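Both of the next two complexes hold subunit A, though its partner changes from subunit B to subunit C.
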Partner chain A sequence: MGSYMMVTILDVVISGLLLGGIYAVTAVGLSLQYGVARVLNIAHGEFIMLGAFITYSLYTRFGINPLICFAICGPLVFAVGFILYRTLFTRLRMSSPTPGAFEGNSMLACFGLLFIIQNVAILIWGADIKGYTYLAFPVDLWGARFAANRLVTLGFALAICLVFYLFLANTRLGKAIRAAAQDPDTAGLMGVRINQVLALCFGFGALMAGLGGALISISYKIQPTMGLEYTMIALIVIVLGGLGSIPGSFVGGLVLGLVGSIVTHIEPGLSLVAYYVIFMLLLLIKPTGILGK
Partner chain B sequence: MKKTTSKRMFTFGLVLLILVLAACAPLYAPVYTVILLTSILMYMTIAVSWALFSGPTGYISLASAAFFGAGIYTSAILGKALPLPLVIVVGALASFCLALLVGALTLRLKGIYFVMFTFGLVELLLHFILWWEVTICGTTGRVVPPAGNATVFYAMLIILVILVLTVFIIRRSRYGLALFSIGENEEAAAHAGVHVTVLKIIIFAVSALFMGAAGAAMATRWTYIDPRIAFNPLISFMPVLMAIFGGIRPLYGPIIGAAIFTYLEEFLITRFPYYYMLIFGIIMVVAILYMPDGLVGLIQRLWKGISGRKHADT
Partner chain C sequence: MLQIHNINTFYGKAQALYDLSLSVEASEIVALVGSNGAGKTTLLKTLSGLLRPASGRVVFLEKRIDGRPSYAVVEAGISHIPEGRRLFPDMSVRENLEMGAYLQRAWKQKGESLEEIYRLLPVLKAREGQLAGTLSGGEQQMVALGRGLMSKPRLCMIDEPSSGLAPVMVDEIFHIIEGLRDQGIAIFLVEQNVRHTLEIADRAYVIENGRIILAGKSEQLLSEELIRKAYLGL
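Here is the complex of A and B:
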């Protein structure tokens, strides 16, 4: 009985971390876009979807290993994000009278982008649910069994977050990004090429979304309309971790994954409801998030 | 003085003429037109009630779908037991109470937090009711007793007229001014003696009241509903886009925006069924980039350009 209990707990915890790893990657991306580039990107989930479908096409059409696809779809999605910020959002930022107005306008522009990207994807790939099998053999972990692809996904998710954190902490560009996060105007006065840095941040946010999508496509079924749900989850995670805090988003992702896994174990239909309840309680009680000041 | 009176009479007459023409539509227009007009009236109601609260205060609410959906569900539950007018009143009151509760909870939230909370509310209701129907009831969706096309049309028209009168009266009263002062600077408004909290909750609830009424009336046209139809997030986004497209500040901005958008939607769906959401998205992005004050602002700007800037900026 005791060992059965242990296996169940292990099962729930590891499933939670697997889910949480994906949430963490996508949320770090959104956190970068909102926390630094000040765009509340409602179309974030569409970049996730793009990453997932590019990987799907490369694997099923050309037989390219999904893990190598990262190197192709990452830069591709990054370029889309970077160009969008340099054209659309920079223009909006210049024409908006206040930072508050820019937040509102850019969010609405993102709604437009959501429709555009989603429908272009439907035209290219069709509206059906798609999926492929890759590394689907089971692995035994202390008595609980998991598909190998999900463990690889978790490993990659943690690695992506770690690499990105080291990049922010140790490079010159990372320093510029952190400066822009604190105060874009002052950072500009200190010689940071602010438009360039903000566009890079938006691009990196899209890159994380794309990589997250590629990871999702390995373990889950994908569909052109899947974006909004992932956007909402990423939003919940960045509020959970404190708006604009990158380590917070990472921890928040893992926490939300664990919550989702526990609730799914007790009552399968209620995991999304639980996310929203947590989200709303958190907004009411501690809007600054678990790691926020 | 005389000029403004005649101008006012002209506007009044024009509105009355449009109203009479619209009211007689079921008598002379084909069924298709009546159904399209009903959709337009529905979106007008949602957009105007959204702009009633969010326009002056600057709080972007994405909870419209929650209030609209509450009305739809009231209609689905009570539709068989009560006559339509009563169902609409109950649906309106249900949304009103929901909005009072949400308003009281979200008082302290500002800016983006408010946006996210209101959107979370829609998703919470959607997934909770979905879970409830699947697990507790064992069935998803409900059948709503249908009402005739003309009946729904008149119900929507009456709701819209009452709404426009209400908004007109609120904007003319000191409460309207107080609302705008909240949007300009909430702290200063509070110091000037405006009961910021109470006013925000009440106006938020009034705007929800009309969305609930619209939902209760429209449900009878769809005959079958389920949580994904009733709490469709698009209903939250559309009024925002329509109001911004038309222009948030003037009362007729959201009305014009809703009319154009609904017609555009219908036109695009019938002509380009596969591209219509794509074209929709492009129009949205272009509208936000080039028309920051909406269509009304754009026309005013163009008019100023044509008339040689005779008038100073107001």
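Here is the complex of A and C:
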């Protein structure tokens, strides 16, 4: 009985970290887009969906290993995000009289993007639920059994967050991104090409969404309308972690994933409800988030 | 080295600067003094590309820089140390200084530049790992000065370095600024602290309602009747 209990706990924790790792990757992406580039990207989930379907097609059509697909779908989604910012959002930013107006205008534009991307995906892939099996054999871990693909997904999610964190902390561009998040005008005075850095941030946000989608496709079923749920969750996570805080999004993602896993273990239908309850409680008690000030 | 010709700048529809002209030469401290809202900060923002002039020309080292974005102005060799320090609060002192060396050519020498700044402002060395937002006002101003020097500028534009600081600290900051001039960096100093500023400046301009109303050598201005009455309370 005791060891059964331990196994159950291990199962719930690993599943929670897996979900949480995916939430963390996608939320860090949204945090970059909202915290730095000031675009509340309602179409974030659509970029996740694109990453998932690109990986799906590359694997099922051309037999390319999903883990190698990262190297293809990442840059692809990054380019979409970067070009979108350079063309659409930079223009919106210049024409909006205040930063507040830009936030509103860009959110509306993202609404449009959401429908465009979703419908194009339905045209290409059809509206059905899709999935594939990859590394589906079980692995024993201290008595609990997990599909190998889930463990690989978890490992990659944590690695992606770690690499990105090191990039922000240690590189010249990473520091420019953090500076631009704190004070864009002053970053400009330091010589940072602000329009370029904001576009890169939006691109990196899309990149994280794309990689998150690729990870999702390895362990879960996918469909063109899957985006909205992930957008909502990413929004909850960035508020949970404190708006604009990248480490906060990471921690928030893991926390929410664990909560989701525990609730699912008790009553599978209630995980989304639990997320919203947490979200409401947070807004009432500590609206600045876990790591917020 | 810096020539400003007939600059006009607007905030929306309101005109903030009127036909403003002035110049700064190498190795001098030129002050711009005037009361709150006279247009001092507006002028600096116009020079560093945060605002666009509606008309007029700005020439720095024989090159037009008016209407250029901020990064181009820094690349040309002008460093703007903004009002209110504007440090990056969630970065350490060292990272703030490193951001000052963001330009490609300065980034390569940021190690040596850091050593120089630490020699000039030793208190920063001791605070190196601390988050900039947690420093005292005087220390923050030192970081802002140090950060502004990391790009190895030919001209430093410093906006209200004395504001909010204790008199001892103001003396120290002004002493450092004099030292920069003696190293060959031209200084364009914007201040409300008129007496102190005129004591270290070589020349000064007085601005009121967006117009230059007086200009001359600092000693001259110190004895000027208008200045004595309006700004020194004598």
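We take it that the second predicted complex is superposed on the first by the 293 of 293 C-alpha atoms of A that agree within 3 Å, B and C clash if a C-alpha of one lies under 4 Å from a C-alpha of the other, contacts with A are read in each partner's own complex, and residues count from 1 in each chain.
What we mean here is this: a contact is a pair of C-beta atoms (placed from the backbone, for glycine too) under 8 Å apart; a residue touches a chain by one contact, two chains touch by 3 or more.
Note that this is a predicted model, so its numbers are computed, not measured.
Chemist: For subunit A, which side has the bigger count of touched residues, subunit B or subunit C?
Modeler: Subunit A has more residues touched by B than by the other partner.
Chemist: May I ask you to decide whether A:239 touches subunit B, subunit C, both, or neither, giving the answer as first, second, both or neither?
Modeler: In the superposed model, A:239 contacts subunit B only, not subunit C.
Chemist: Output check: A:178 vs subunit B and subunit C. Expected answer is one of first, second, both, neither. What do you get?
Modeler: second
Chemist: Does the superposition put A:192 against subunit B (first), subunit C (second), both, or neither?
Modeler: Only subunit C; A:192 stays clear of subunit B.
Chemist: By the touch definition at the top of the document, which applies to A:61: first (subunit B), second (subunit C), both, or neither?
Modeler: After superposing on A, A:61 lies clear of both subunit B and subunit C.
Chemist: State which residues of subunit A lie in both footprints, the one left by subunit B and the one left by subunit C.
Modeler: After superposing on chain A, no subunit A residue contacts both subunit B and subunit C.
Chemist: Under the touch definition given earlier, write down the residues of subunit B that touch subunit A in their complex.
Modeler: Of all residues in subunit B, those touching subunit A are 58, 60, 105-106, 108-109, 111-113, 115-117, 119-121, 123-124, 127-128, 130-131, 134-135, 233, 237, 240-241, 244, 274-275, 277-278, 280-285, 288-289, 292.
Chemist: Which residues, counting only subunit A, touch subunit C once they are in their complex?
Modeler: Residue positions touching the partner: 172, 175-176, 178-179, 182-183, 185-194.
Chemist: Please give the residue numbers of subunit C that touch subunit A in the complex, ascending.
Modeler: 48-50, 69-71, 74-75, 79-80, 82, 86, 88-91, 95, 98-100, 102-103, 106-107, 147, 151
Chemist: Note which residues of subunit A are touching subunit B in the complex, please.
Modeler: Residues 40, 88, 91-92, 95-96, 100, 103-105, 107-109, 111-116, 118-120, 123, 228, 232, 235-236, 239, 243, 267, 269-270, 272-273, 276-277, 279-280, 283-284, 287 of subunit A touch subunit B in their complex.
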